[in-house]
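Letters A, B, C and D mark the chains as written, and numbering starts fresh at 1 in each.
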Amino acid sequence: MIHVTIWNEYRHERHDEAVAKLYPKGIHGCVADFLSKQPDLDIRLAALDDPDQGLPDEVLNNTDVLFWWGHMAHGEVDDALVERIRQRVYAGKMGLIVMHSGHHSKVFRSVVGTTGNLSWGRDTKEIIWNLMPSHPIAAGIPDHFCLDCEELYAEPFYIPQPDALVFASWYDSGNIFRSGCCFLRGAGKIFYFQPGHEFCPSFYNPYVQRILTNAVYWAKPADIGYAIPDGAPHILEDVTNEFNK
Amino acid sequence: MIHVTIWNEYRHERHDEAVAKLYPKGIHGCVADFLSKQPDLDIRLAALDDPDQGLPDEVLNNTDVLFWWGHMAHGEVDDALVERIRQRVYAGKMGLIVMHSGHHSKVFRSVVGTTGNLSWGRDTKEIIWNLMPSHPIAAGIPDHFCLDCEELYAEPFYIPQPDALVFASWYDSGNIFRSGCCFLRGAGKIFYFQPGHEFCPSFYNPYVQRILTNAVYWAKPADIGYAIPDGAPHILEDVTNEFNK
Amino acid sequence: MIHVTIWNEYRHERHDEAVAKLYPKGIHGCVADFLSKQPDLDIRLAALDDPDQGLPDEVLNNTDVLFWWGHMAHGEVDDALVERIRQRVYAGKMGLIVMHSGHHSKVFRSVVGTTGNLSWGRDTKEIIWNLMPSHPIAAGIPDHFCLDCEELYAEPFYIPQPDALVFASWYDSGNIFRSGCCFLRGAGKIFYFQPGHEFCPSFYNPYVQRILTNAVYWAKPADIGYAIPDGAPHILEDVTNEFNK
Amino acid sequence: MIHVTIWNEYRHERHDEAVAKLYPKGIHGCVADFLSKQPDLDIRLAALDDPDQGLPDEVLNNTDVLFWWGHMAHGEVDDALVERIRQRVYAGKMGLIVMHSGHHSKVFRSVVGTTGNLSWGRDTKEIIWNLMPSHPIAAGIPDHFCLDCEELYAEPFYIPQPDALVFASWYDSGNIFRSGCCFLRGAGKIFYFQPGHEFCPSFYNPYVQRILTNAVYWAKPADIGYAIPDGAPHILEDVTNEFNK
């Protein structure tokens, strides 16, 4: 079983009628719906206004892959929670999947080491191009697919060079965007994916669903063959002594 | 079933008594022995002196992952065979695992785009360090392990920056080496691994065996969601027309 | 002085009136015109139909940066010449700048290790986006600029992950393209740049000119602090002995 | 003129006689001594116990390249100062060079996005290998050089994959380390370099001096061709409108 927790700011859906109609269970509920088709995924929901901002120790410490959707309340997320997430990702205990406006979340900026700045504009047509067809996150995805409506996120996107640039997008406004980016940090894996505006039905698109599902299997903790230390251990004996044993 | 073909120059084992004693079935036979513990691997052996240099179309076109060990007869490998391997890897139909002295093979140099030059010396003690514990090829591998005897391969190693540098090695002679390197080329994956000198028992080391086994699963063809074209197709219609459909 | 040689297939300009009118001195002549504004560049022209295909030893061995434009006659370029170029780049003696349809040249495919396959279409509007504003090749370039007419080159572009992805392009047809890519190979540097269709005036665009000029300074041979060996030297003495000296 | 500020914790030199004897002007003073041989560098010193921790706005905002040496007082560095440094690096206004024990500084961890964890041990012999001889930071450096005494810093080093791995080190204890790493973050450049233990004379080594000098020229702000925005600007007009102008 892979333990997945889908964290959602969950404000738009409660305060905006159009968003509520599109995502009646919340964006996290919609993501849970399609992820739960996978028999080996155990899925939990978490929201900003839940106790402990949805991620008390007993939840976070049992999460293998954390999804993150936030937008208007990035500043309300507790710094100590961000630090716990950061440590867990770096230790290789949890993968992180950041969706859409999460590019500006404390979590993404702190874990990846970036401002996440970009330009943004009106809702528009987007075509997502598959630049790394052999990447696990692109499994089963055609060379491109179209979204009739997404929020324009545009280059320059001030991120580190991704360890893998899997998808990039075209918009009819004349813009492009690196829309599917893998980052490796410590022993952890992070995937950023652009679609997911609260006013757009992207989470119902089968390719978006396939990509986010693929991302779970890619980001889940690896089978690491030793205990990763918490800090900077002191070496007391030369490794060369092992040759005599 | 993953179809694995282990290609070996297979000259040392037939002409040098010490090597024959160490690897009585040949290096390829030894690799086959440990790989065959995996129930989902279908394993075939191929050697330079076999008909069609071991890789006629019916073999190569049914190979998902190709292992390559060569040393003294790189120049005898047919250029047309090298080109067929190169095309198959780039098309994402076959992964490639290059062992030890294969760094100088036509196959490695042509597929990766490199001279593969390095410095080399006496047989010596080697410690292999695990730099990317969360990489699939490092699954189950400790932070380091020791080989009492390997051939010294030393930096500078004139390769492109690897897409992932999984292992690097220490030698008691004062040298280091990037000993486990992943390269992505087209839709194909290549793993180079340093151990495997014909006079050393590295292929009996359980960590070496685990790494090469892991590499099969990493390098095998991906589930690519469309037919990768053979050349440069002419686009006849605008992609933007798809929005109206 | 940096010795630059601009190699051009130079067939279109001699056989097609429209191209001849656009580039009366040939594409190489046009590139030479704007490069020659730099006082520290010594510029030479070379063409496929020149003796020794324009690159006899005395030219190639005195070239610090080689520009390459080819299209319809890739197959005529001599394999031995390609190999000489490849060796010179890997040895760090020469940088390589490949323009437009050179993506399919033997030189690009062999040096980088790729098919260079892509999709292509009608001449169209292109917007070039600057993804790495702090890269030396992007010096002085705005966040984007427009070309009213270029040949559509489209993803998927089957190249290795670039060491730096400096520019990417939008086309009004719904396509995108990684249009400015840096590759490191051995001790050499390669820059691929998409604009440069024989029927389009891109080489007169000031930003294209600035980028190609910047690329010369980026790609020129580095100040390497030792003699890079030609092959795989045998190490005769332990490096640890140097501590006693 | 490139404005360089060398920040040093400057505690060991004031409280430990052996360190004071080795670096009578402080480590920062020693670095300043060799950097000041470059006529185009304007050098300033800063220390933790200076007012505003040595980096008031008028200093930081006039710094092109910031050197950072810290060890026992990482926790005392003000979070707001770290954030100002981080923003300035990401905006491309300042390069950052982190030395030795700075791997655990707030500045390094926050800017790069890492724990910077590693293993460490006794002072020992180190050999630094040059993996990217054509990188600007390796200009003039031989394929390797020896330090008779440095503090053992050992893999696994839990950092993101460097954008360029320029140097890696061998220690006689059986360890290795990625000792010279370049990271790109936003429009800024960061170089981490392992040598520099307070009890070792590494800053007097001519190769160490050359590398740190090279790093200044590599890390200095680029000639960026537009004003990088501070946040996420709203796009009000389609870029495609520019074609009509």
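FYI, a residue touches a chain if its C-beta (ideal position, glycine included) is under 8 Å from a C-beta of that chain, and two chains touch if they have at least 3 such contacts.
These numbers come from a predicted model, not from an experiment.
Shared contact partners of chain B and chain C, listed by label: A, D.
When chain centres are set by their Cα atoms, the one at the greatest distance from chain D is B. Across C-D and A-D, the chain pair carrying more C-beta contacts is A-D. If you average the Cα atoms of chain A and of chain D, the two centres end up 30 Å apart.
If you average the Cα atoms of chain B and of chain D, the two centres end up 37 Å apart. Looking at chain D, residues 127, 130, 132-133, 143-144, 156, 161, 170, 172, 174-175, 184, 187, 228, 239-240, 242 sit in touch with two or more other chains.
Interface of chain A with chain C (complex): residues 127, 129-133, 143-144, 155-157, 161, 164-165, 168-170, 174-176, 178. Those residues of chain D that touch chain C in the complex are listed here as 92, 125, 127, 130, 132-136, 138-144, 146, 148, 170, 172, 184, 187-189, 221-226, 228, 239-240, 242-243.
On chain C, the positions that touch chain B within their shared complex are 87, 90, 104, 110-115, 117-122, 152, 154, 156, 158-161, 163, 172-175, 183-187, 228-236, 238-242.
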